[in-house]
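Please go over the structures that come below.
Presented sequentially are two complexes of chain A, the first with chain B as partner and the second with chain C.
Moving on to the complex of A and B:
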């Protein structure tokens, strides 16, 4: 395989230089781990990704799952990949030793996922959704539920799903109509239809554990009346084997532009007597439980975006280095040999932008994962709380920035390949199609804008936003010590002032008229995202500048120079757009808001 | 069909208000035409588009052409569409009455094409390429060649192709290696391979007339040694019927992300004794001939981009008006009915941006077509020359702006539909895939940046650029008379100053170091494009402001208010990005230029 999935030097950099992952070994939970164990896990993940995921990227795209007599059929390579991932223990990576898990730190697990995501996002979705479901049961399920269902997912005998969306409500969960009626035996009977359910059915594992949001009869209206249920496809026998078929069926498959090897279906619950469901935790608290897992799921989606962008970058770089094309303008000799694409300045611009987006996205997601890790395992409650509050603020950005710029990055990869990139002979067109889902699922872009501006900024009395400003200021101060990035630090400092002014202005506008004040929230999200992107690149720039101040092996010198150049690119070329946004936002520009339906 | 192909009120506006198409009737060439005839042609085009093109949009996408024993097979609806277009006389639209043509003005023909493009770009490519080939023969072919080949295309018995690209050269035409050897009878024998040839073969017409660039043995190296040949698939009998098979075969089909009903193939010329070719015009002048048709072809590609964007806009508007989703933030009653998507401010922003891109693209292309018309039929030589020079300057922009923003526009259409937009149940995902070709073919984006900055600005001693500044200044002066757009005029005026300073700076930088000075040409192209986009919208704004100053029917009032709002949107939201570009360009920012291969 000539084009690597990620860049192993960058993986090492992100885990052990950008993040101090070795420091986690000091925490009791990870005392039995070591850097060697981490690295061995990643080598295993990479091998599995190359061998069992990348091998059917195209085949899975060309042969999407089919529904025959109610049974979903998939290409057999999917099950082989699932089994390889399960057999490596990765489905149980998060879980405790005593539960049979690996107690793997979040950032290591996400890097495992980054490899399989880069290899084949359509197949990687199965373990992604499964581990999310497992974590939900682990966090909120009863001891019995864990014994019965969690173990099934951990060893690969079942996958899991997240059943939130319904045909009639899209992003507004308060409007769901799926109902749950209590039965005499303490279980529930679930009735309703769920839509756009990823990995909803398949033939790769013996069972499917659906995590279903539904309303118990008589529950309060809106989001406060939502409960969470476990609804298995097959009822589970005491030995864990699949028993009687539950009353849940695939109503139809969705045929998508990309992510095609991921089954996506409408599910009907309770066409007969009702699907047997088990209430998780307390009634009416389901949405809260789901949201506590949402940060993890959202970072997970963004990590997929990062990995797809990374693959596009790697493929277009490989092509640009090998494809002769034309000459530079300064060359007047038409008989001289053609130069490689990479020698054209605009191709380098497209590559450098992709580097900034893809490496920046991976760094941003891992940074988010480290906050997630810390909210659970940091040594003090104060630190855990701080990390939760910062993560809650940043989650809309960490979800959205890689998803948005991942699409732009994959678009650039196609452009470098030109006509060849538009054909299915190269993977860049599939990556472009796969990527397009990411700004839609786990909350469409606009939802995250509203969440950030309307909710997260002021959550915990604004503590998360305060921590963010403190942390950025600390890195700015540090960066000022290094000549090569001093000026970048200054630019980010100015950007933070602009952000603060804009935030204050918008909060004031929202106080006057909430709809008008929130109208441009998506633009605010992009502005915030560019600043977080610049911060992530400044952080990398600091490490690179420090490393370059001493003598290095040639390959390391190249690596750090590349990081520095990408930091320069991002902060000089992409950050300044915030000035224009700030002007529109601070002025409360209402041109889109005031557009009327009948004027279109 | 609930979603219209274009917007008939806008079509009327563009032809008769934005452009003064009726004024063409004063020209001798169009003296036998009338507005009624124009409108009747457009009604015919719309009917054909709805009935014979739109009907197989999805089918053509799902069943792309196949190659069986050297024969290309397509879905039969393609031939029906081709015949309907030919039978309406549209393949001969451009040609003179005495040649059996319609003497149709360019802008009317392009609007005809806009309808079929909007209905099905994959099928519309056949008449598009055919009419381009026909115009090439008409302009440069001999009387005998016209009699023999042109008539075949005009009545639909043959299509045509443009064979420029080869596997080894991509965008650099000087490097083509296809050879033509003179034969004793005055014809040539052509040997070589052409790549990415659209409509290269099919079963919709009896013959294919390939327009082939090749080098005659002993010709000068590079672009000055390129000649143009007619190479028919079947030699043509005296009665026009297909005779003996010529030595040109389909070497293989390209399988594309979109535009799937357009055959795209590699062609082998001269696997046996050489394909018989007929030299067009003089030897070694082929590239010049081709380039004289290029402006037309490039506007044609951009028009396709405009039409695909327009369809995405119409579909997402239709969906946004019918799909209930959530509530506004100001609504605290969770039991109140859901509002339609269009009531959410961010959806209106996405719709308004699409309106600005798609209507703006159609307007920009038609404006370009009017320059093309004028270069041929304006009453004085001075005017004809002026139009040529302005068109030459603007062609890179008219090609690139709709292609680039068309992609962004179709991306927004998907976003409005959310999960539904990512499925193949709605056409927006196909439109997104179809659109992605447009920034690649007929010159990739970077090529146009180099063309604009490196060549067109200084062509004719800079006359085209001078005319551009004069014309924009005139519209700015006009706009200042209207209160609702006065401020927009001021913003464009400032932008023109910024453009001028940036242009001067870049020309100076190019004088010092041509490679460095051209390094950011793509960014300059985008800057120029935003300014032309703003100008096109200011022009529309002037008409709208004038119309709104008197009393109007309600529907017209809505129409003009929409135009005004889109003009406001484009100039206030999209134009200001040029400030940031100007800073990078004027500073000669060399971050991408200085990036090194080994740093990636």
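Moving on to the complex of A and C:
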């Protein structure tokens, strides 16, 4: 394989230098684990990704799922990949031993996902959605529901879905119309239509377990009347085998720009007598349950974005190193050999930006996963709470920054390949199409802007934001001890002041007029994202600067120099854009807000 | 039936290995290491024989630095039952490896020794044959199919002329070729289980083997870089250069 999925040296750096993953071994939950086990698990993940996911990246794109007589058909390689992932034990990896899992730490599991995402996001979506559904059942399902449905997903006999969106309702779930009527036996009959359901149907696992948001008849209006139901495609027999067909059918497939090997469909529930559904937890609390799983799912989406950006970076780097093209301006000898693309300054700029986005995204997602890990397994309640609050604040940013800059990164990869990049002979055009979904699903960018500015900043009395400022300040202080990144620390410090002023100003504006104050929340989100991006790069810069202060093997020297250069690039070239945003936001500039429909 | 499988720790096949700047050998510092792919095929074959109920125990052995324990552990995660690690800091030559394996054979009395046909670092293709000579057991190298039948085995070998089928008596040495099987990946539960399997550590000295090298490496250098081509004025000049400079035509 000429172009690697990720960069193994970077994976090692992120897990064991950027994050102190080995420290997790001190926690009772991980006493059976060791670094050797983590590394062996990642080797298996990489093997599976290379052999069973990467092998049909193009084929899956060119042969999207079809609907034949109500049955979704897909290329057979998808099932082989699903089986390999399941048989390796990854679907159950991070679940508890008692539930048949392996108690794999969150960051290691996410790195497993990063490999399969990088290999083939369209196929990786199946395990991704399955583990999300499994987590939902594990957290909120009854003992019986867990016994019946959770094990099915964990051993690969069923996939899962998340049925939130409807033809009429996407981002605003309060107005969903799918209804659930109580039946005499304690179950429910679900009626309605769901839209844009990923992995909605397929022939790769025996069953599909839909996690459906619906309103029980007579429930309060809005988000407070939404309940969560388990609706299996086939009713499940006592031995776990698929039984009678439930009243849920694929109404039609959506034909997408990318992620084409992921079935995406409209589902009809209750065309006949109603689909049999099982209420999860308490009635009317469904959206709350769903949201508790959102941090995880959002980091998961961002991780996909990071992995696709990483692939684009690796492909364009490989191409730039091998493709001779032209000579430098300083070269006057037209008969001299052409230089490689990478020797052109502008190509290196594009590569460096991609490095900053893709490695930065992977680091940011793993950092988010480590907060998620700590929220569950940190030694004290105080630490667990702190991590929860910080993670809640940062989730909109961790979801959005990799998704947005992943698209820009993949765009740059095409640019480096030029005309070749625009053809289907090279994978960068598909990566670009696949990537484009990420700023849309699991909360569109604007939703995260509103979530950050309108909700998360003031959540827990602003504790999350406070912790964020403390943690950044701590790293800035640390970075000032290292000559090569001293100036970067100063720049981030200034940026934090700008952020604070802008935040205060916007909170004041929201107090006066909430619509006006929130009008540019997406711009605020981008500003916040650039600052978190700069922080993540400063953190990496500190490690690199420290490592470079002693003598290193040549390959390590190159590695850390690259990290330092990317930190420099991001903080010197990309962070300053916040100045312009700050000026507009602090002044309450209302040009877009005051634009009127009739004027378009 | 007891099977002994040997695995070698080598640079991962994806790594582009470079010579050290002082030309004293390949630069393996910081290089990702893995089980030699042919050894992995040997492990897989052993595990399949166990799954078929033919083998009862699989012992995996590696010889080299302490770090080779990682490869033994990998083989245990793939399905071997226990491991032996023979540690030494000496750069081992094929004969030293074969002697160590002979000592292990004396101790363990396996019915079959499964090896890779060669390692992707040295590409020597020695050890299996040498071990055959040292033990006096039958050898079937370059195996692409292995069938056990009582106290004999039928092996299809990949030879230059095609495929050769031979029957050998056990105990025997079998070396795996590329097409013998497709190795599995270690599943998570098996990786966890492997942690609890035993690895016995020993040294060549304990086994009574002298591993001192018999040859000396004088120099390791990268292949000469390809020079840029030139443009010729006409066919006559081309022919002239092919004849007098490249000397490929006369």
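Observations on the model:
The rule is simple: the second predicted complex is superposed on the first by the 600 of 600 C-alpha atoms of A that agree within 3 Å, B and C clash if a C-alpha of one lies under 4 Å from a C-alpha of the other, contacts with A are read in each partner's own complex, and residues count from 1 in each chain.
In this section, contacts are C-beta pairs under 8 Å (C-beta built on N, C-alpha and C of every residue); 3 or more make two chains touch, one makes a residue touch a chain.
Just so it is clear, the model here is predicted, and its values are computed rather than measured.
In the superposition on chain A, A:553 makes contact with chain C only, while chain B stays out of contact range. After overlaying the two complexes on the shared chain, residue contacts for A:110 are found with neither chain B nor chain C.
By the document's definition of touching, of the two partners only chain C reaches A:32; chain B does not.
Once the two complexes are overlaid on the shared chain, A:424 sits against chain B while remaining clear of chain C.
Once the two complexes are laid over each other on the shared chain, residue contacts for A:89 go to chain C alone; chain B is not touched. Of the two partner chains, neither chain B nor chain C is touched by A:315.
Contacts of A:41 after superposition: chain C is touched, whereas chain B is not reached. With both structures placed on the common chain, the touch criterion links A:102 to chain C but leaves chain B unconnected. Once the two complexes are overlaid on the shared chain, A:4 sits against chain C while remaining clear of chain B.
A count of residues in chain A touched by chain B and by chain C gives the higher number to B.
Overlaid on A, the two complexes show chain B and chain C touching the same residues of chain A, namely 335. Interface residues of chain B, counted against chain A in their complex, comprise 165, 168-172, 174-175, 195-196, 221-223, 254-258, 317, 321, 323-330, 334-335, 338, 342-349, 351-353, 355, 407, 411, 414-415, 418-419, 421-425, 429, 432-433, 436-437, 439-441, 444-446, 449-450, 454, 513-515, 518-522, 558-559, 561-562, 565, 568-569, 572-573, 576-577, 579-580, 583-584, 589, 591-600. The residues of chain C lying in touch with chain A in their complex are 14, 29-30, 32, 34, 70, 73-74, 77, 185-189, 191-192, 194-195, 228, 231. Chain A meets chain C in the complex at residues 1, 4, 8, 32, 34, 36-37, 40-41, 43-44, 47-48, 51, 84, 87-90, 93, 102, 104, 335, 337, 553, 555-556.
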